[in-house]
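Each of the next two complexes has chain A plus one more chain, namely chain B in the first and chain C in the second.
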Partner chain A sequence: MTGYSEISSIAHLLRRAGFGASREDLEHYSDMGYEATVEELLNPELQPDYEDDLAYRYVPYYRMGTGIPSYQCYWMYRMISTRRPLEEKMTLFWHHVFATSHSKLNRNPQMNKQLKLLRSFAMGNFRTILIEISKDPAMIYWLDNCENHNGAPNENYGRELLELFSMGVGMDQEFNYSEDDVKECARAFTGWTMAPQLPRYPYGDYCWDFEYRTDDHDHGEKSFLGETGRFNGDDIVDIIVRQPATARFLSRHLYNFFVSDEPQVPSWQTTEPQDPEAIKALEEEYFRSNGDVRSMLRILFNSDFFKNASYKKVKSPAELIAGVMRLVDDYTTPKPNSHEIAFAAAYMGQDLLNPPTVEGWHTGKEWIDSGALVERVNFAADRVGDINMPGVRRIVSRLAAYGPVMDADTLLDHSLELAGPVEVSSDRRTELMTYLEKYKEIKCGTSEEMKNFESIVTGLLRLIVASREFQFA
Partner chain B sequence: MTLLAKASPSFKYSYTIGNQAVPPAHGFSGPVSVAVANDGLLYVLCSYYEYVPAWKFVVKCNMDEDYIKHFGSYGEGSGQFTWPNSIAVDSTGNVYVTDEWLNRISVFDGDGNLEKTFGTVGSKDGEWDRPSGIVFDSEDNMLVVDSLNHRIQKFSRNGEFISKFGEFGSGKGQLNTPWGINLDNDGNIYVADWRNDRIQKFSPDGSPILQIGSSGSGHGELTRPSGVAVDSEGYVYVTDWGNDRVQVYDQVGSYVEQFNGDCHGYSKWAEARMASDPEGMSAERAVVTDFTIERVFFQPTTVRIDNEDRILVVDTGRHRIQIYEKQYN
Partner chain C sequence: MTSTKKDPILVVIQLTGGNDYLNTLIPYGDPLYYDNRVNVGIPQEEVLPINDYVGLHPAASAIKSLYDDGKVAIINGVGYPTPNRSHFRSMDIWHTCEPDKVGNEGWLGRVIRDIDPKSENVLTGVNFGRGLPRALALSGVPVASVAVLETYGVLTGITGEPERSEALDVFSRMYAPTIGGGPVMDYLGQTGLDALKGADILKTAPDKYESTVEYAETSISKNLQGIAKVLTADLGTRIFYTQHGGYDTHANQGPAHPKLWSELSQGISDFYADLREHDTADNVLMFVFTEFGRRVKDNGSGTDHGSGGMALAIGDPVKGGLYSEYPSLKSEDLLEGDLHFNFDYRGVYGTMVEKWLGLDAQSVVGGNFEQLGFV
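For the complex of A and B:
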């Protein structure tokens, strides 16, 4: 049997670079070894592609729905069932960074098209990602670049490209760019728009396509970040990706998303990274690899600062839900009512495809308030408390193998192991033992004892997922 | 079976029925199947959202796009649908709807009143696992695609098991998660062998006769074919679901032609819809120059032939039925 410490480090990796994993998957990865698992995650094409045909057959609106829940459900289903977890996790990462909402678009398949774009460039070159997101019609409409005209610039996209998507307002107490840079950036993106499209009725929604209108582009000379020329949008991106601020900004985002909760983005100008050495290592890899996100992730996942960061991040609602569903092995194949789990994320404060602002969601401890915490605990406890869930049945079955009689310590140790592993504090362990103390002898030898055993275990699992530690990744 | 005419036919788009709407508004939402009754009336099965109960239903209408009524809703109760897949009408006018999640067939009278439901999940004779395509033969027996058992089962109209054929695999006569089913005038059985990317033709007793298509997107190739129909001359029409098109083959399975969708203008119900907001929708349309995307199929699921040999293509993603006619010059 694979050692617990190896399983723990793989579980940590899969919680961060994916959405958690079943015990069976953890053992599979553990047999491969940590570094080989990182490589498999970094190269999703080594795994089977997503079986969209089954999803679309049974739930047709995953492909052709006009309402936004269609795509929220579909995406949540993908997070739970994908065999390419880092690809999907990076899609979520970019959705956090390039936060776009359906609420303004009212053209919902366009949001799914943006997700496809983010997925296709998930671990690619940062320059390519910035160019492609600048051409994305959902982004263009969301940040008004369709209103950015030659002679009448609209600065919204140009400003957010610098402030929220690539450089950040400042670092090391300094500003990274000026107001003039914002204006010149906006001029460079004039003419980047989308072609007109048909309305939703009578035959359903259609997606916009990107359109570059040279007659609406400002071809004049521009000065941007100390360089001068007749810049177009892609020239601006070329200058952006050469900036130290860009390396810092992307590195902090990756650290915040994968390693440990950082302060919110607007404070990065005046707040130093909590681990400057880690950020420096990522910045160096950014320049060494010419902005290759996959290379930066390889450094990150193989680093000690990552391996030593267990339970330093509050799970986002999407991470919590997808992780619980993977643990109990539900919705790993198409099934009705996936809206119930997609909507659960919204109740916990993460309405996918509808972030509160272009700044995205505030993460870390801001995921938790009294209402959200109740939702999180109830959601997880309801699922692991259901003996009909295949993953729960497997946990019970594996625990029963330690019988037919076991003491409370044994049951607790192995339950924590199979539910995560979850490493709890001594206080939490005492609380969990209090629950088990009422059972003098824990037996699972007969069918009658097994029924009681199932009840004890599901009760214990409910308490484990309600623990502070389980709410962290 | 009539031999194919020597002259090659051409296929012409005729008109469209439907637009996106949910009852009581006139239209379809995610239509996945259609049945043509002996009296020419249509029963269109719609399978759309699960988060709004009203969005799974059957619309009864005619080929002139006169709306008659609707029935059914999302759920697991009597007369409700969870994953409705296909619809068929027997000789008495009763309407049968398969449901892949509930593993049952619901039988309604022609007015949409529930007569009965039946079905047992399993793999023994007479049981099924995700029933999908359904069709009645000339003796009023019911052929049901038992998709996750990868076989076809024949039942009496009352649901009594008669026979079966097919098993999992990719060889001749084997099936992988089949979907649609239809018959030719001689009672030969055509099955959309969905995950094998082909159509298989079986004799009335279930012996494999012919395989049509192979994986791909070129002429004659198929990606997850979902539906099949055969006209009076033996031309075979296939909804090439994964390639968003319909392909036509001759009696020996040779490729003839493909349709990509040709909806021009509005259906009757669409016209009424547009008239309800002439300024808003017309203004958006006025700046569009290329209407191709509106004309073409989006996830076509089922194809049926009506009593006049017209070809009905259920254009699921565009909430309508596009109708074609075969012509000889």
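For the complex of A and C:
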């Protein structure tokens, strides 16, 4: 069996670069080694693609578009079961950054189509990513670029492209661009719209298609970030991706999502990164690789600043839910009635496909309020406390394999190990021991003892996932 | 904190999806209504008249009775500048009092903070429903979010005793203050203890509650009954919040909208009767709002997102009647096909904050706005 410390670092990697993993998967990755695991995660195409046909056959509503919940269920199912965890995690990352919301779109298949787009460029080149998202009809409608006309510009997309998608308002106490740059950027994206569409009633929801209308594009000269020319949208993106601010902004986003909670995005102009060296390393890789996100992630996951950041970041609701489901091994194959699991994310404050604003969700500490915490604790505890879950059964069997009789210390150490490994402070360990202290010897030799053992273990697992530490990734 | 029965209490009911104002308080005296509402209009003879111009939807008969008793203020033409027809954005504006920028603080979060600045009572604000509405969100202000009162709490999946008590005991130790964990760990600890304390107190409410009122088996009635249980248990809760969903009637409005109003009216009327039975109707103000009204012209089977809408204040503290003007239906007065709002929602909030809760309205709603005399 693989040593504990290796498992810990692999588990940390999989919590961040994926959605957690079962013990068996962790052992598999651990046998491969850390760096090889990073490479496997960075190259999702080496793993089998998702078997959508199979999922649809078991759960037809995943693709019926009967409402946004069916797509929320489908996405949560992917997070729980994909063999390409980093691809799915990066899809969630881009959903945080390019936050588009069903509440305005009100067009269910279009949101799912955007997700497919995010997944397709998950670890691609940042220039391509910015061009593709600028052509995405969901984005065009969400930020009103369909109202951005030659002679009558609408600045919404032009502004957010700079402010929230690529450069940020400012850095090092300075502004990254001027109001004039916003106006010129908007002009360059005039004519980037979607093709005329059949009315919804009575035809139903159809997906939109991107259309570039040269007659509605402002072909005049523009000055943007110090450069002048008859710029179109892709020229603007070319200029954006050359900016140091863009390298900084993307690096901070990756750091905030994968390494450690940073202050919320609007304060980045005035708040320095908590680890300037880490951000510098990512910025350098951004320029060295010509904006290749995969290369930046390779630097990130192999760095000491990443490896030393275990349990230092508050789990998002999606991470918490998918992680628990992988641990207990439920919904890892297609199965109906996943609404309860998908909706739990909304109850915890992350309504997937429906972020509160274009700024996305506020993360870190802001995931937690008393209502959300109750939902988080109960969701996790109810699942690890259910002996019928295959993953829970396996934990019980593994624990029982340590011998027919064990003391409380042994049981607690191995339980913490198999539930994560979850790293707890010595205080917390003492508190968890109070649950076990009434048992001098814990036995699982006979079938009667085994029944009792199951209830002791599931009770303990409930408390482990109810701990403060478990709220962190 | 003192909690006497006579502290003013506010119960907010959010109608989610955009309630159709024109089919709720129906301008049946205006031919333009019938010109625009060819498919979903309510025939004149079915309207419950309030005056020669407007009347309530027949499904709202229970609210009409309360209106006739002088317990209902109908506030016309409520909205905010530069209407946004997105559900979320619009609701967000109502929740945060920030029509121009995206805000994170809820107006009721600020109310709860002002009522109980030291968070001495973790139940000063209670939401019935899952997930915290942004209206109640404010960092450092604990609010309990209750799906079902009877099963609310931490680690409720543990059904046996003494197992659950033992588990809760460990939970409270695990969330007790510790040194050196850092600010996020400390915040988690406080939040966990607040949740635990709130649940402990709330679970006493159902046992104390007795009533002859029989609520309907609808979600809104169940939530209002839950509120009645907590309210009558006298736990010091001052702000209650709940939602009634389904008002986004783009299609099939004919049967859908009356069903909603029948459920809502019955729920409110039963809740009010329950308060009367418990001799606490005089210190409870109900407030009903929605994110926007709907398009003046129907779309064939329903109505699309609009602007200017209505709000209701209900209860013994209310001076019943019609407030503010019904916006004009004339096409030249419409804003992109929608009613033009004529009363700023922050003035409605301000009225309640100042005249009912006795707090400073300006800091809660972010400015000085014209108030009304319904309290």
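By our rule, the second predicted complex is superposed on the first by the 466 of 473 C-alpha atoms of A that agree within 3 Å, B and C clash if a C-alpha of one lies under 4 Å from a C-alpha of the other, contacts with A are read in each partner's own complex, and residues count from 1 in each chain.
In the analysis below, a contact is a pair of C-beta atoms (placed from the backbone, for glycine too) under 8 Å apart; a residue touches a chain by one contact, two chains touch by 3 or more.
Since we're looking at a predicted model, the values are computed, not measured.
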Partner chain(s) touched by A:H339 [first = chain B, second = chain C, both, neither]: first
Partner chain(s) touched by A:Y61 [first = chain B, second = chain C, both, neither]: first
Which of chain B and chain C A:Y206 touches, first, second, both or neither: first
Contacts of A:L198 with chain B and chain C, given as first, second, both or neither: first
Which superposed partner A:D427 touches (first chain B, second chain C, both, neither): second
First (chain B), second (chain C), both or neither touched by A:S70: first
Chain B versus chain C, judged by how many residues of chain A each one touches: C
Shared chain A contacts, counted only where both chain B and chain C touch the same residue: 201, 343
Residue numbers on chain A that touch chain C, as the complex places them: 101, 103-104, 106, 201, 261, 314, 343, 346-349, 351, 354, 356-357, 359, 362, 364-366, 368-375, 377-378, 381-382, 385, 425, 427-428, 431-432, 434-435, 459, 462-463, 466-468, 471
Complex contact set, residues of chain A against chain B: 53, 56-61, 63-67, 69-70, 73, 196-204, 206, 336-339, 343
Complex interface listing, chain C residues touching chain A: 86-89, 92, 102, 104, 122, 127, 130-132, 134, 137, 139, 142-145, 152-158, 163, 166-167, 169-171, 173-175, 178, 181, 183-185, 187-189, 191-192, 194-195, 198-199, 250-251, 299-301
Chain A-facing residues of chain B, complex: 19-20, 27, 30, 32, 47-51, 82-83, 100-101, 179, 194-195, 224, 226, 242, 263, 266-267, 269-270, 273-274, 277, 280-281, 284-285, 287-289, 291, 293-294, 298-299, 301, 316-320
